[in-house]
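What follows is a set of notes on a single structure, which appears directly below.
Lettered A, B and C in written order, each chain numbered from 1.
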Amino acid sequence: MLSIDRRTPQGAWELRALGQGELLVCIIVPQPVIAASLLTKKYKEFAAVDGISFEVEPGESFGLLGPNGAGKSTTMRMVGAVSTRTSGSLSILGLDPNDHGPEIRAQLGVVPQQDNLDMDLRVRDNLIVYGRYFGMSLSSCAAKAEELLEFAQLADRKKSKVGDLSGGMKRRLTIARSLMNDPKVLLLDEPTTGLDPQARHILWDRLFRLKEQGTTLLLTTHYMDEAEQLCDRLVVVDKGAIMAEGAPADLIRSYSTREVVELRFGSELNASVAEQLVGIGDRVEVLPDRILIYTDDGDGDLGWIVAKGLTPITSLVRRSSLEDVFLRLTGRSLIE
Amino acid sequence: MTALVGPAAANFAAPKPRRYGSWYVAEHRIRGIRSYYKTLLFTAIGSPFMYLFALGVGLATLVDKNNGLGGTSYLVFVAPALIVSAAVTAAVQECTYPILTGFTWNPIFLGMNAAPLSGNQITNGIFIAVLARLLPTTLIYYLVMLTFSAVPSPLGVLDIPIAILTGMSFGLVVASYISTVEKDVGQPAFIQRFIVIPLFLFSGTFFPLAQMPIYLQWIGWISPLWHGTQLSRVVSYGAVEPGWLTLVHVLYPLGLCIFGWRRTQIVVTRRLNK
Amino acid sequence: MTATETFAPTRPTRPTPRTGGIRALYAGNSRAVIGRGLLATRSSNWLIVVSGFFEPVFYLLSLGIGLGALVGSVSTTTGQPVSYAAFIAPALLAVSAMNGAIYDSTWNVFFKMQYSKLYEGMLATSLGPLDVALGEIFLALLRGAVYATGFLIVMQVLGLNLSWTAVLAIPAVLLIAFGFASLGMAITSYMKSFQQVDWVNFVLLPMFLFSATFYPLSVYPQGIQFVIQALPLWHGVELVRGLTTGALSIAMLGHVLYFVVMIVGGLIFTTRRLRALFLD
């Protein structure tokens, strides 16, 4: 009986000749790029990551959505093979980071939460030197750097000092740097935090292109719009544990209503007014600064409230977002 | 209450900052110094013991055996120089990083100026804090000198104000330069290595200035460290020198203090007004 | 100069499977860290770099010549009388090796670790912490070698090298610097604030003053002599002084051995700390 078994990070295939040699079966099993099971990281008694499990498929764009302190960055550091897990299992590109740190890191691109560019070097040298850390030859570093400077729209700034770049440019340079080694997986920790709206859109566009080229992305964010823009699938994380998993649209469908009415009556009045709103829509949430009514017919409900003689200072009807999913799951806002 | 407007309101709003502003700034700085007081205290007590032992006892055996100073013991000779040097080191430290930081890394001066404090008051406050640091530093140094029996004359207690004066004269001039620095590219290290250390080594600290060739002696003449040290030697053990020179030793550091102080005030005020 | 000239050509390294242990800490690519360091020196303040050379020279001129006139001649450990300048010059060389190595392995490393996050970026690549440590130590030694050569030339000009063996002071200085750097890096890994880095000076100052730098050890009572002989700087001073004055003795092998042990111990210690710090 003949059996051939090949495994690659992108998947596995098996060829088997069964019985009389007449039947050939070919099975293609896609193998996850990242597989975490009951992954846990404890600092003394405190569990920063508390038994989370997820899998990321090749070419997928996968997000970890949660507030600050949810354990996203710790998870990223474990996946990046720079932090040892306390327990659980973790496989990246089929390898265990406990044994194969350098081999895994050689195939990853890492964009940390805070830019850690080399301030002593100029823009282009930052890329070249980084490529050298992977043992790349100088000529391939130089060629790759040119290509990525174009990609990051920094070609005209290649001789600049890093300190002279704007926040958005630094971020794009960090992303370009993370691509020097043609990574199989790109890890992005809060890629657009702290950027102005225009810089965020430029960055999203660049990340979208990478996604189109088939790069696997794992990103953390506490911005729901970013998660909706970039993630095929995501997990909502809070206090080190996964609260829900799915595609953004599916999560919104399962955990929220179609629309939300936001009402502001002034911080003194919100709570007392909310009592009179019980029964409207599916659910009413009172936040310190506003009231949220979850409903499938926002305009209808708003009309009914006004007709009842309640006049909010401001009112808004919008579609449900991941923010609402998070609020529903944890009782708290994403950005506090 | 009737709302006051115009100059009347101004008088009502800021009488205290106008009068005590310098002290508020000094208080701020002293609170800052307090965060590393352990390090300072350790240095203030440890280094006089170490220097006096190494130079005044260890090295002194070589010099005295050779009768290098013709009668004066090396311990008595070097101790006044050491206390003055310690004051200069501390003053330069307090006159560089706090000012550089206040304008660049952590621009608290801009914040103070947004509160009703003037550039002159900010300058005064920093210098008051320098004084506040020099006083215990030199006092401790003097006490350690006494335990080594390094001060024969009772007038030697004047070593304390002399060291403070010298430290201030050096520090204030450094401050007048540092307050002009727009971008930190290592100026404090530069001052330390090309000004403080050479002056420390060539100002008659370890040996009489006259040991050096005449074409190098000018380093001592312009160095407040030399003037302070010589004055200190006069009061400590009655070193002999012409009276007019002793007067110069007092007037020169005083002049530097006034120059450095006014100059820093002008620079700081101009910079905050920009 | 362009980036291209700074790096030696290298073959691309193919990742080979490794299992835990030292292999998780070391990718055999320290030269990339060295290349980065050489490129980065271009953005450094040259006056500050040059000042590292002048500091011991100022000390030598002031103490050796000015103070030397008061002191006369001094006996080395082997009983050979030498001028005071010739006595302290090798000590200043050893001290500057110590200071340079400690500065590079404490202040510099601390800054890159805690503030500029340079190492964080390096360690996200296939580099391991040991690549970074060895690369940084090499750079520190390179700087040390340049300063030491400069200082020896000054000594030569002033006629303070009394024997041809003075040439051997350069490798001796590197040995001393390596010892201090490997230990310094391990100690830095415990530090949380700049104030703590400041405490390093409290250890250095007495070593600088008391390690037979400015006067022979014989001025101390026997008990104090033993304490000082246990400290590394004394071994460094004696080793370099023996070489520049030509007063060779079998004890110098002991000094060399002291530093070899210090280097090996320091590297093991540093590697452990790096593992705890970066892979936990």
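Heads up, the rule we're going with is that contacts are C-beta pairs under 8 Å (C-beta built on N, C-alpha and C of every residue); 3 or more make two chains touch, one makes a residue touch a chain.
Just so we're clear, the structure is a prediction, and the values are computed from it rather than from any experiment.
Student: If you tally the C-beta contacts, which comes out ahead, B-C or A-C?
Tutor: A-C
Student: Among the chains here, which has the CA centroid at the largest distance from subunit C's centroid?
Tutor: A
Student: What whole-number Å value describes the gap between the mean CA coordinates of subunit A and subunit B?
Tutor: Computed from C-alpha means, the inter-chain centre distance equals 55 Å.
Student: How many angstrom lie between the centres of subunit B and subunit C, each centre taken as the mean Cα position?
Tutor: Centres of subunit B and subunit C (C-alpha means) sit 32 Å apart.
Student: Between subunit A and subunit C, tell me the centre distance in angstrom, where each centre is the average of that chain's C-alpha atoms.
Tutor: Here subunit A and subunit C have centroids separated by 45 Å.
Student: Name, in rising order, each residue of subunit B that touches subunit C in their complex.
Tutor: My answer: residues 35-36, 39, 42-43, 46-47, 50-51, 53-55, 57-59, 61-63, 66, 68-69, 74, 185-186, 189-190, 193-194, 197-198, 201-202, 206-207, 211-212.
Student: Quick check on the complex: what are the subunit C residues that touch subunit A?
Tutor: Interface residues on the subunit C side: 3-4, 7, 9-13, 15-20, 23-24, 27, 29, 32-33, 35-36, 39-40, 43-44, 116-118, 120-128, 278-280.
Student: Residues of subunit C touching subunit B in their complex?
Tutor: Listed in rising order, the residues of subunit C that touch subunit B are 45, 47-48, 51-52, 54-55, 58-59, 61-63, 66-67, 69-72, 74, 84, 195, 198-199, 202, 205-206, 209-210, 214-215, 219-220.
Student: Tell me, which parts of subunit A touch subunit C in their complex?
Tutor: Touch list, subunit A to subunit C: 80, 82-84, 98-103, 105-106, 108, 110, 112, 114, 116-121, 124-125, 128-130, 132-138, 140, 142, 161, 177, 181.
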